[in-house]
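Reading through the structure tokens given below for one structure.
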Amino acid sequence: MNTVRMDNLSWVDYERRVQSGAVVFLPIGATEQHGPHLPLGTDALLASAISEDVARAIDGVVAPALAYGYKSQPKCGGGQHFCGTTSVDGATLIAMVRDAVREFHRHGVKRLVLVIGHYENQWFVTEGIDLALRDIGPDADLQVMRLEHWEFVRSRTLDRIFPDGFPGIALEHAAVIETSMMLHYHPHLVALDQIPDHGPAQFPVYDIYPTRTEWVPDSGVLSSARGSNADKGQWLVEDVIGGIVQAVRFEFGLES
Amino acid sequence: MNTVRMDNLSWVDYERRVQSGAVVFLPIGATEQHGPHLPLGTDALLASAISEDVARAIDGVVAPALAYGYKSQPKCGGGQHFCGTTSVDGATLIAMVRDAVREFHRHGVKRLVLVIGHYENQWFVTEGIDLALRDIGPDADLQVMRLEHWEFVRSRTLDRIFPDGFPGIALEHAAVIETSMMLHYHPHLVALDQIPDHGPAQFPVYDIYPTRTEWVPDSGVLSSARGSNADKGQWLVEDVIGGIVQAVRFEFGLES
Amino acid sequence: MNTVRMDNLSWVDYERRVQSGAVVFLPIGATEQHGPHLPLGTDALLASAISEDVARAIDGVVAPALAYGYKSQPKCGGGQHFCGTTSVDGATLIAMVRDAVREFHRHGVKRLVLVIGHYENQWFVTEGIDLALRDIGPDADLQVMRLEHWEFVRSRTLDRIFPDGFPGIALEHAAVIETSMMLHYHPHLVALDQIPDHGPAQFPVYDIYPTRTEWVPDSGVLSSARGSNADKGQWLVEDVIGGIVQAVRFEFGLES
Amino acid sequence: MNTVRMDNLSWVDYERRVQSGAVVFLPIGATEQHGPHLPLGTDALLASAISEDVARAIDGVVAPALAYGYKSQPKCGGGQHFCGTTSVDGATLIAMVRDAVREFHRHGVKRLVLVIGHYENQWFVTEGIDLALRDIGPDADLQVMRLEHWEFVRSRTLDRIFPDGFPGIALEHAAVIETSMMLHYHPHLVALDQIPDHGPAQFPVYDIYPTRTEWVPDSGVLSSARGSNADKGQWLVEDVIGGIVQAVRFEFGLES
Amino acid sequence: MNTVRMDNLSWVDYERRVQSGAVVFLPIGATEQHGPHLPLGTDALLASAISEDVARAIDGVVAPALAYGYKSQPKCGGGQHFCGTTSVDGATLIAMVRDAVREFHRHGVKRLVLVIGHYENQWFVTEGIDLALRDIGPDADLQVMRLEHWEFVRSRTLDRIFPDGFPGIALEHAAVIETSMMLHYHPHLVALDQIPDHGPAQFPVYDIYPTRTEWVPDSGVLSSARGSNADKGQWLVEDVIGGIVQAVRFEFGLES
Amino acid sequence: MNTVRMDNLSWVDYERRVQSGAVVFLPIGATEQHGPHLPLGTDALLASAISEDVARAIDGVVAPALAYGYKSQPKCGGGQHFCGTTSVDGATLIAMVRDAVREFHRHGVKRLVLVIGHYENQWFVTEGIDLALRDIGPDADLQVMRLEHWEFVRSRTLDRIFPDGFPGIALEHAAVIETSMMLHYHPHLVALDQIPDHGPAQFPVYDIYPTRTEWVPDSGVLSSARGSNADKGQWLVEDVIGGIVQAVRFEFGLES
């Protein structure tokens, strides 16, 4: 039994945790192609694993992940033309987040953290939070933190992992960061021998619709995952866990 | 690695499976109180476990579960006043299902099974399927089966488990059926010593809103789970798995 | 002039009734095939007639029926492939109910009864009530009862009408119960000579979409209406009227 | 049995009528205050009665009326502050019409007439038609006529009824036209002795929200109904029935 | 710098104006064909120019116009089959107005005027205001005036401009009133030599969908603009500006 | 008369341009605080001015700007707590874009460019395009480019303008880039003496809701606009215009 997972707790235990002030985490992932070497669930798996590590450190609770995210874009996720990428409309994701935030507020949760594991989700999650807070009204005693976990990776860690220069988070889809973190958390789900060997994708500064699928490598990988390993995964995860723990403690006034 | 779980597969492997005609299963659960002895995730956990067992038998693929369901009703789930029950509006569930069905169709899936693990979901899932099929248009080569897993339990199994008479599926919330199935699949998540000891709830044939919470036992259990055990769980699961496998093979013309 | 029908009252008379505490009834029917012997309006006609009988007994008011219901399902209404069945999307029915409940609350109605005459409506009506109550806010002095009228038929009446065993409410579409009740209320709308003569429909425990129309008898009747008569209609109606009157008086604290 | 009313027909009879090319009429009314002398259902009652008269003349079918209309405005219906006025949001009326038009098209109806009996409905009905036709697609063999019945009253009839000058259709709420038509169709629902005796309401050319309720007579009548009688009702109805019959025959190419 | 235009003010200056009680004007136009002699932006250009003239007189502020309006109808705007007419769904216009009104309320605006320049917008704007006021709640200190500018033209001015009789506002699309007002405000945008020379359009009292495009002159002009000139424009504008100024001062209790 | 502005063209002229293959530009701005020195309309003004310059170069047409954008966020626009910032819900912006794209397609436009001038708009515009293309269907001969104009500023220009290092586009709200571009296009709308003198805002990598308004400078300026001038504005605009012209020509196969 995983005592930080809400879906493993009885409502009686959950209520006790909430009443004692536990921070609740909601991982928001995607079901999206991540190249031939990473599984479709990578974004939800990482957001959940990170949420659980953080929750363990501060006695929090992790709600079931939203496993379907906003539509994959060519420049950050490869695009919607890949088989297996299973996405929802913006309105659907907004509604999911809005309903969830409203429910956690009803439970008595005072401090909620939405942990995004899929770049395309950010703005629809933001709107969902905003609409939930509008529903709840101005006097709600609820604070919501929204974060994208990779933002907590420190620049010196990036320098260490990318001695030749960081290609930028935009191209880090199914690349060294995600692959290394998966090697840390779920090594049996990584097929190292399937990592494709091609240079990074090149995109213009604009987008065109319908998607110019020829801009995207056939593999779905936007820059090479070569050189990924579990050690790098651990460095990354340590930054992320440490950073989130610190942020949550600081912003929500928790004792460390 | 769980080779029937879509979130464990790479898109390349998933595409191969879909192109070879794999049936895809989408479990649709809830995050809902299930008494002091079962976890909040019971409905999604059971729908997922059953989907995986069925998928293993017919080489299918199980998509990530929808972990949040329609609002809990007093008579079948205890109601929305329980802490921990985390539900979505009808429109949200409709949208989730609509988007998902549309996406599986885009992948080339021809045979899709929606496995409902939460009674309250049924009609909103039905509407989501209907709207997706309207979006896709009349000539789509897609068939969708929608089922509630407990409907596959045979009457003779019910007679065996309830020698004094089956109280009816309506009251089987967090009771013998669900508890036994959880003891079969996730025994470490069941707190047998927390099973409350009270008689079944009594409900009139109508409903009243706002919810008359006094109609519902404080425990959230609608009829006693006493007498649950893993053996009964296995009998139940065998009926359900066997029944679904047979239904899918028959309706979708699969060889057995 | 029918003094229980809201559409026959002036606003001045209606206001007087509401201010004196009258219970308001909203019948929610459908326009749906009911075999060759019953009219398309059966569900709204019965829900309205029953509402009026109940209202007469307790000095209530009956609002105009919602005449279009949620999409007909094969197992309980024959399905959407029949000509004449005229249904609305789930969201439309939810919105209709939500708006109506909100308006009755604005009028000062404190006790509202939604009388469902079409099985498929139940969950969307429930959602409409829930959303209206959310709109109105937690301190509203409004109670809403939702009921399906056939649930008030007593088991001994079923035994009397079905001496060979009740086939179950699910198959009672355009069958003995509805036909007998129509013979009681609207005999001129029943074409007894058109009752089809075939055995009950057989359905599996799951559903498939697009609808397997071959599962449904061509007549649209799910089990035979043979043996229907006005006497049985009266027995049924007496149960239903009596049951609803009692429920409303009890729950809403009316003097009898 | 009223053989032009769809809700009185079996699906088999309705199908036969549709297949032989029957025009279908959908009355769209309101539940709205009409002064102390007319019932709340006036708009739906008149739209239905007129539809039935027209249908009788051309062998058409009349679907169940939409009994709830768009929000009453001070200048044409008195406004939403009256008890009894029971209105829906614009989106709800749009959805109702959209769904209905789509369903009639599915039935095979080729010529549909939406008969509006409530001024405020017009634009939302128009949008509902437009969205339904978008749903159906450009090649649908469906024509939809939308009309407000009072527009068919001839100017010479107005001159005859209002020898001192017609105050304008805007103020004809619960006034001579509606009262006379109700005296023609439903005399037992008119309380002639309750007709208020005050001059016409005066409105500026703009509107203010929240509604300036002091602009509207307390009675809800916008100009006096004095002088209403069944003869005038008959003159009006003859114009309207005759005009609609002619319009339908001409536009839809029916033989007269 | 145009000191009545909100988009030309800094937020600091705007806040100062709002805090001192400035009335805010929101012009709501369209992008719609106006014949070969007037530009597509006519409705928004006129609503904006009029709003600015009024605002100058009473120290008000004019927000950026909504430049896209509800779908053009044959009888008042020619219809949606013209190239260049660029319209939004009813729900979109409702949402735009709802959001805008809610935002002005948040700013502290107490008196807001929605200046409609496109006939088809009226009901959707009305609904947007209603929903915003519902959102804001009953105690908001906000009054909203909604007006169509042409309603302020005095009958004696119409007599002066149309000595042979006013054809009615319905046919005044791209005709003498709009053309003359454009000649007053934006003479360089009027191509007098392109005014078509044909009689007024003739419409029945009903509408048919899909649009009978043959009812509408190919030019898109519903009655002739011949005889338009800047003097007439000035007379019209003087009526409109004067009337709105007076209405705003009177209703909102401003000193003149 | 500005011959690239759609709202200045008659429908006849617009149709001619569209039929000859003109690219249509839709500027999408905001009404948002831009510090005490820039006007609330900055984002729409810049997006429109840039669109017009580009359109002039390639004989395109510029549609009326969407003047209201998605809700301002603290880190890129200061946040919604500023007076004057007037924003729409995500669903509203999605709908506006969806409707507009669908309409341009109806006109026969084959190449459409959405020019975003407000950072927060990007994802909702993307969703609006996606939904419009879904509505239109897979065989539409329409290509849509979506761009944020500042992305076309070359790094060497940034080096020239920010010799001490570019603070990043995130903080460039009401700062040197926007102020300089406004000095180029609309110098009379810039109050240079009102530029606040404070260091750049510091934000954590996460967000918190309700907004921590103390994170945002009271002025609304996120990094100093000191040093802005029209020359820098010209350098920036030259990059942007040049870049967009080149992109449009290249992607849409126009001759240069």
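A, B, C, D, E and F are the chain letters, set down in written order, and residue numbers restart from 1 in every chain.
Keep this in mind: contacts are C-beta pairs under 8 Å (C-beta built on N, C-alpha and C of every residue); 3 or more make two chains touch, one makes a residue touch a chain.
Note that the structure is a prediction, hence the values are computed from the model and not measured.
Q: What chains touch subunit B and also subunit F?
A: A
Q: Supply the minimal count of touching-chain steps required to go from subunit E to subunit F.
A: Counted as steps through touching chains, the separation is 1.
Q: Compare the CA centroid of subunit D with every other chain's and tell me the farthest one.
A: In terms of C-alpha centroids, the chain at the greatest distance from subunit D is A.
Q: Quick one: which chain's Cα centre is the longest way from subunit C's?
A: Farthest from subunit C by mean C-alpha position: F.
Q: With a Cα-based fit, what is the angle in degrees between subunit B and its identical partner subunit C, given to the nearest 5?
A: With C-alpha atoms aligned, the rotation comes to 180 degrees.
Q: How many angstrom lie between the centres of subunit A and subunit C, each centre taken as the mean Cα position?
A: About 47 Å, centre to centre.
Q: Centroid of subunit A to centroid of subunit B, CA atoms only: how many Å?
A: 26
Q: Can you give the whole-Å distance between the Cα centres of subunit A and subunit D?
A: Roughly 55 Å separates the two chain centres.
Q: Enumerate the residues of subunit C that touch no fewer than two other chains.
A: Residues 89, 91.
Q: Follow the ring of contacts from subunit B in the direction of subunit C and write out the chains one by one.
A: B, C, D, E, F, A
Q: Spell out the residues on subunit B that touch subunit A in their complex, using ranges where they run on.
A: Going by the criterion above, the answer is residues 1, 5-12, 14-15, 18, 31, 33-41, 44-45, 63-68, 80, 82-89, 91-92, 95-96, 99-100, 103-104, 106-108, 188-189, 191, 194, 220.
Q: List the residues on subunit C that touch subunit B in their complex, please.
A: Touch list, subunit C to subunit B: 70-71, 73, 89-91, 94, 120, 122-124, 126-127, 129-131, 133, 143-148, 151-152, 204-210, 243, 247, 251.
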